[in-house]
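Labels A, B, C and D are assigned to the chains in the order they are written; within every chain, residues are numbered from 1.
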Amino acid sequence: MKKIKAAVLGCTGMVGQQFIRLLDDHPYFELSCLTASPHSRGKRCGETTANGDQPALGEKTASLVIRETTAAAVIQSGARVVFSALPASISGELEMELRKNGLFIFSNASSHRMDALVPLLIPEVNSAHLELAWAQLREFSGLIITNSNCSVAGLALALKPLTAFAVQALTVTTFQAVSGAGQRGVAAWDIMGNVIPHIANEEEKIASETKKILGTLAGKQIRDHGLEIYPSCSRVPVKEGHLQSVSVEFAAPVSASEIATALSGFSAEPQQMALPTAPRRPIIVLDAPDRPQPALDAWAGEPTRARGMAVTLGRLRCRGKRCSFFLLVHNTVRGAAGGCVLNAELALKKRMLGGN
Amino acid sequence: MKKIKAAVLGCTGMVGQQFIRLLDDHPYFELSCLTASPHSRGKRCGETTANGDQPALGEKTASLVIRETTAAAVIQSGARVVFSALPASISGELEMELRKNGLFIFSNASSHRMDALVPLLIPEVNSAHLELAWAQLREFSGLIITNSNCSVAGLALALKPLTAFAVQALTVTTFQAVSGAGQRGVAAWDIMGNVIPHIANEEEKIASETKKILGTLAGKQIRDHGLEIYPSCSRVPVKEGHLQSVSVEFAAPVSASEIATALSGFSAEPQQMALPTAPRRPIIVLDAPDRPQPALDAWAGEPTRARGMAVTLGRLRCRGKRCSFFLLVHNTVRGAAGGCVLNAELALKKRMLGGN
Amino acid sequence: MKKIKAAVLGCTGMVGQQFIRLLDDHPYFELSCLTASPHSRGKRCGETTANGDQPALGEKTASLVIRETTAAAVIQSGARVVFSALPASISGELEMELRKNGLFIFSNASSHRMDALVPLLIPEVNSAHLELAWAQLREFSGLIITNSNCSVAGLALALKPLTAFAVQALTVTTFQAVSGAGQRGVAAWDIMGNVIPHIANEEEKIASETKKILGTLAGKQIRDHGLEIYPSCSRVPVKEGHLQSVSVEFAAPVSASEIATALSGFSAEPQQMALPTAPRRPIIVLDAPDRPQPALDAWAGEPTRARGMAVTLGRLRCRGKRCSFFLLVHNTVRGAAGGCVLNAELALKKRMLGGN
Amino acid sequence: MKKIKAAVLGCTGMVGQQFIRLLDDHPYFELSCLTASPHSRGKRCGETTANGDQPALGEKTASLVIRETTAAAVIQSGARVVFSALPASISGELEMELRKNGLFIFSNASSHRMDALVPLLIPEVNSAHLELAWAQLREFSGLIITNSNCSVAGLALALKPLTAFAVQALTVTTFQAVSGAGQRGVAAWDIMGNVIPHIANEEEKIASETKKILGTLAGKQIRDHGLEIYPSCSRVPVKEGHLQSVSVEFAAPVSASEIATALSGFSAEPQQMALPTAPRRPIIVLDAPDRPQPALDAWAGEPTRARGMAVTLGRLRCRGKRCSFFLLVHNTVRGAAGGCVLNAELALKKRMLGGN
């Protein structure tokens, strides 16, 4: 298979850097265009990355020269697939312009998540929603597919196997890592030794996006899932990994063992297709009494290419109709760049990205 | 009024040090005996305290010599009131022996919290339960009164004014500070940049203690409150202040304004009696969108002697029968030493501590 | 004595807030004007402060309305003494304009520190340099007096008593707190669990300012002290308190006991005059083997008004001509706002601030 | 080549776990015996490791059953090479007993570091000292070779190429990670948001070990290097990586460029022999103005097997005879387990480990 040329927009931020890491030597895609703000224009990719304990980038990727983020730059580069880590303030229009030019955009930005024809996609959860993207293709020749909010990426995945048990309501408290706000988004003075019980618009996104993702396609529209969601969000002094304390109310009593079995045994199309970035087990249920922990479990997922793509879950306790647990999702991998890459892999295998 | 001689058992730990700070120059009590493990025997109090940004101790307190923790040492000291910050492993028997000797024990240990005749006391919440202590006095001439678990101290206080609205169920996720486990209880390697979603026995205590405290005295027994409690506890890299994400389900719809009014307007006997360690407003509702925060609000409470004794609460949101909010309690002050001292002040004013 | 009206410029930042705390109910000065960027204009002081565990501000201070920072606003307010916590980018011209208008500026900004006629003042170290300010008064009727860089404020103070021993060279490594860069100056992602071995221009300031402060006034010029300084600066995940590892080389062998005696016994004019913000002991030598520590010692200093104004010093070791120790200075108090306030108190007592 | 059977003593601690990671699938050694305290006896290796973001262990290693640490257990296992991560309290005698039984011990414990016949070995620095181990072999058939203190492992390596320039004196301030004290060695309460300017005996070890390692073998004795060392040690809230602020005084002026060239260009026997755990470049000089940083550079070193084995160094500044820089060493890899493994690889290639 010939690789498809790909661009990363907003390549110097936290999510942009994860895109580069995931696309370096990717079996389907070939990085051919990186863009960022004018400040980084002309730098080589290798100069702007400092991933700490991550393996070094390949030479070809490291030597890519960063362009300024414009539609023209992307189009001229010959990239067909575009991964967008742009801030919401500029992603809205730019992504539409690229779609009009027949490009396939996989976006981490929130601008188009609630658009009627845009799938808010988690491949293991709602690949049926890709139907919406075919409608886009007919209209524009291009398409926009978004991933969800970083917390929702883990939450909706864990809920999917539970929907078989008639979920009625969901109370969730998040412990979100500072990387979720971007490299300079949270000041050390504010968060060191502290917890901030507020993240702007996050609770609204958790409610609306989760309902859309778990919703059903009826004709050309998605009908939201009817569960009630009560989210409370906070920022904690953790670098990577959004932990969530979840309590689910079912229509009827459930047992911990049947819930655990449903979660552990869950797999879906990405696993069956063995997509490169798909973890063999999308949900890993841990038995240890004090897991999952961001420091130990954020990077869960096998094979190596799928590190950070598995959701870990532990402390499962059920009583009557209630079931409580903690779950952990790597916010910049499964919750951002990795989610988009998996979306693109699925779309490619579904033959939505042109003649491949 | 002549001051009553008081002892602090376990004076070198985190709670013991708060006891000393609160009792230094107290209007009702006079520190006359400090005990600790043999390791600290013979040291002067001033050598073992390092309270950082707290004001220095008075000279008399600083010069007290630490004795080894034994019943005999306490009895010989002439102390009549005993504040116990002992570990649960030794508090059980020692406190009973001291009670048999006619002493009045105010304990932060969990050993006797669920004893039938021991009030699990939060003065603003269940002073009616002091009736149980009169029964102890008749039997032993002494008494044991315990404070609650550090998380419950804030949670039950905030729930008290809400019981007027027919609380049915409670989902709570805690973010607990490392000081709750003692000075060496949490290793830096384990908690730095991390969250640990487990604290041994804490969820059980939150359920059982909250129901007992909110329960009603029927004859000589407490009938537990009937609300359902779903707790999930975690440790976070914070030094002081237990934050809690609380979601309450009522029997009927409530509005945020009536709930806020009930919380802000709440006061009880300690406020009416103007007890020295009682905060003028026991529950402070904050309007700012990102409060309470451990770093900013843990020490809330006026006057100066009541710093750390007020519970702060914010982000109040109601929808239908559900009401969610965050609350914060200073775990070693209101949740430990300060709670005990307030208990003793109330008991003294109720003339339970002898001829004063 | 009638209080002199005072303004704080840049009142919402970390240093500005310390100014407000220190000037609230000050015996010499009366806060009458607060300024900040347009963003805060019109807010009341009490709305913008969140000092955590600090005591609450007085009502009068809390109700002051913030104005936009302009020379006109300050002049119209009737303030005679101006405390400047402005960023260096705007302090330079504004402070000169205010001086031309006969105001007395005590500035924490670095703009004028190396001006020929501007004393870079630490009252315990170089009050003789105030001579330069008289020259300013003759020329402008007003004056500018600056405090030093926050690290230098502690270092030069500790060096002063050592100059009696013929200091030849100084090797210093700093561990600087994040508050030194302002509330949003250091990103959590960058510093959590990390050390950053670089602070822009800090090493240059440590060398040049220390030499000027320890220099001698010769005619109308300061002749720098001749010691060699080898500074290395770093940022650490600490909120308040700059720790410094110092190694001093003397011209001849010294003993630890004579050095300790010189440091502990040191006092100067501010102590003799009992200035309100002067700590009784400006340098506190700690015997414990693991002190000073930012978490325990940053707020050292008595009386209460002088908290954070004492430099603590420990681990004194001498061998031959070398003497090494750690010292700690509260960077936003002694190293910023508190230093300026002490400067103003000294200037007032020296009758430099008009008819008082 | 047939692999040599190897044991790891003290396999559950921080250093023990690094040994296991490094020896899993090692080309020269085959893990056949793991020991720990009685508490872990009978557990499988895979149950006791939780390395966070490290790759999973091979199945064979993960399934090894942990034995109690006794000489008999090690001897019976058939292991010929022993890697010791024992605490100093028990390593002294046990290692001697194993040597008497003809085993080859590579120890991270400090017990035998200063023994006359025990090389304190850093393969790139003083492989000539292996001569001492031949003397041990003649006497005991076995040998003990120790690595150095974790700070010295980086410091002595960086100093080696500088010895060509006549080093006279060295002032060093360390910023040491909490993992250096073991998993429970530093309490969160003590270090969060703080720096502790003291580590017991560390300064003494830095002085004595550095001089021994840089010393020269004269007959059968090592003559210490004559440089003066002024160390000051501190603990910082960092998990892995000891940063050091170093200032070197030479006998004559040096230039930054000649020093940088000497450091960057340095390589030695391990590189020439391409030992498996040897980094291609043992000292990496970074140009960026704010490096090395523990969070970004602790794991430096290529190839993959040598991650954490390179020392990074930056901010090189020279003036006259002084040269200052920061260096970083991974304390549990190059400074502990990795150092020992490299020692064993060198000894094996020098044909000191029997018939291989």
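Basically, a residue touches a chain if its C-beta (ideal position, glycine included) is under 8 Å from a C-beta of that chain, and two chains touch if they have at least 3 such contacts.
Because the structure is predicted, anything quoted here is derived from the model rather than measured.
S.K.: Which chains are in contact with both chain C and chain D?
M.R.: Chains touching both chain C and chain D: A, B.
S.K.: Per the definition at the top, count C-beta pairs in contact and tell me whether B-C or A-C has more.
M.R.: Comparing B-C with A-C, the pair joined by more C-beta contacts is A-C.
S.K.: Based only on mean CA positions, could you tell me how far chain A sits from chain B in angstrom?
M.R.: Their C-alpha centroids are separated by 43 Å.
S.K.: List the centre-to-centre spacing of chain B and chain C in whole Å, with centres computed as mean CA coordinates.
M.R.: Between these chains, centre-to-centre, one finds 40 Å.
S.K.: Hey, how far is the Cα centre of chain A from the one of chain C, in Å?
M.R.: The computed centroid separation for chain A versus chain C comes out at 48 Å.
S.K.: Taking each residue of chain A in turn, which ones touch at least two of the other chains?
M.R.: If we look for residues of chain A contacting two or more partner chains, we find 192-193, 237, 239, 295-296.
S.K.: Touching chain C in the complex: which residues of chain B?
M.R.: It is residues 50, 52-53, 55-56, 192-193, 295-299, 302, 304, 307 of chain B that touch chain C.
S.K.: In the complex formed with chain D, which residues of chain C make contact?
M.R.: The touching residues are 171, 173, 175, 192-198, 230, 232, 234, 236-239, 243, 245, 247, 289-296, 314-315, 319, 322, 324, 326.
S.K.: Hey, which residues of chain D end up touching chain B in the complex?
M.R.: Checking each residue of chain D against chain B gives 14, 178-179, 183-193, 237, 239.
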